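Please read the structure below before turning to the comments.
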């Protein structure tokens, strides 16, 4: 995604899910551009169940968008 | 889901709900790939009402997506 | 719902709301299958305003799905 | 709403908003049926900004549903 | 909005955003009708980043509704 | 956005994502108009994983709106 987000279209739901994950991360990078700091935070939130659930929720919201864009891969 | 998510189509709402649960878990696995750590966290959050509600909310969001993909099984 | 979720169709908005409540509970049962533990948690979260609001939010999300499935009962 | 929710149709957006509020409250009554306890909680959460924002969010979600059901009153 | 919410239609996205903000505030006024108390809470939550994010989220949900009602101003 | 939000249309998904970020920030500015205070808060929340996730979620909700407005750039 170095050149930016070019399309929401993907070949499969699996790729669509990966795109949703990237979009969720992209939303975090906007507020915290430093990869160093983001990696510093990971060991804590990745072992906190509520943080993991919250992260999964953002993915779920983006997956709605990506799935719709791909006509649910039907 | 070892080969990845192939389709959002399911035979029944019940199966659709199970798919929504899998998608919510998949969103967690992205951030915490270690099954060992995830299982370590379970005894705590599974006995915390707010954690359970938050988890149920992620399922609800994915269920919206899956239900739409299946034309609400109508 | 012992045989699982068979349909999202209901006769009235009232029944649709009840279905949304069941779906929210179903999402909790997935993570905490023990009815004994769930009932043990109830006295605490049912007297906590924020927990009640969070629970109501999950119902709201499922009600969106159920209402759409029923063409808003129009 | 003593006889239950009969319709999502309202004459105006204002009435639709009121219905959204009722639906949010209805979602709380499901978990805490005691009006006495609910009223006991009110003085606390009604003076907590985050609780108020969370309550407003549930109304917003239901308002999406009600607005759609009424074709946005257009 | 003294006479209540009459329409979701606005001339521009900017006005639509303002309406979304009003709807979010309206959802708070329902639970806390006292302007005095609401203003008392403001200095605290307006300096808390998480409270600001939560408030922004409610606006985002209402903006979805308003934007749809206006056919996205296209 | 000094003259206000004029359109939801963008050339690419990348620009649409940037617009979603701006909308999320706009929702914060409504409650906290002082840029000085907002910048004062940044060092704290930008190093808190849960705050970053919450901010990313608001972007995700606005991105749904922007993507729909642009017919998903298809």
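Letters A, B, C, D, E and F name the chains as they come in the text, with residue numbers starting at 1 for each one.
Going forward, a contact is a pair of C-beta atoms (placed from the backbone, for glycine too) under 8 Å apart; a residue touches a chain by one contact, two chains touch by 3 or more.
In this text, all values refer to a predicted model and were calculated from it rather than measured experimentally.
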Shared interface partners, meaning chains that touch chain B and chain F: A
Any chain that touches chain C and chain B: none
In terms of mean CA position, the chain most removed from chain A is D
Whole-Å distance, chain B centre to chain E centre, using C-alpha means? 31
Quick one: chain A and chain E, Cα centre-to-centre, how many Å? 27
Centre-of-Cα separation between chain F and chain E, whole angstrom: 16
Sites on chain F at which at least two other chains make contact: 45, 50, 54-55, 57, 61, 64, 68
Hey, how would you classify the chain contact layout here, line, ring, star, complete or other? ring
Check: ring from chain E, direction chain F, yields E, F, A, B, C, D
Residue numbers of chain A touching chain B in their complex, please. 12-14, 16-17, 21, 45-50, 52-57, 59-61, 63-64, 67-68, 72-74
Residue set of chain D touching chain C in the complex reads 4-9, 23-28, 30-32, 37-38, 41-42, 44-45, 50-51, 54-55, 57-58, 61-62, 64-65, 68-69
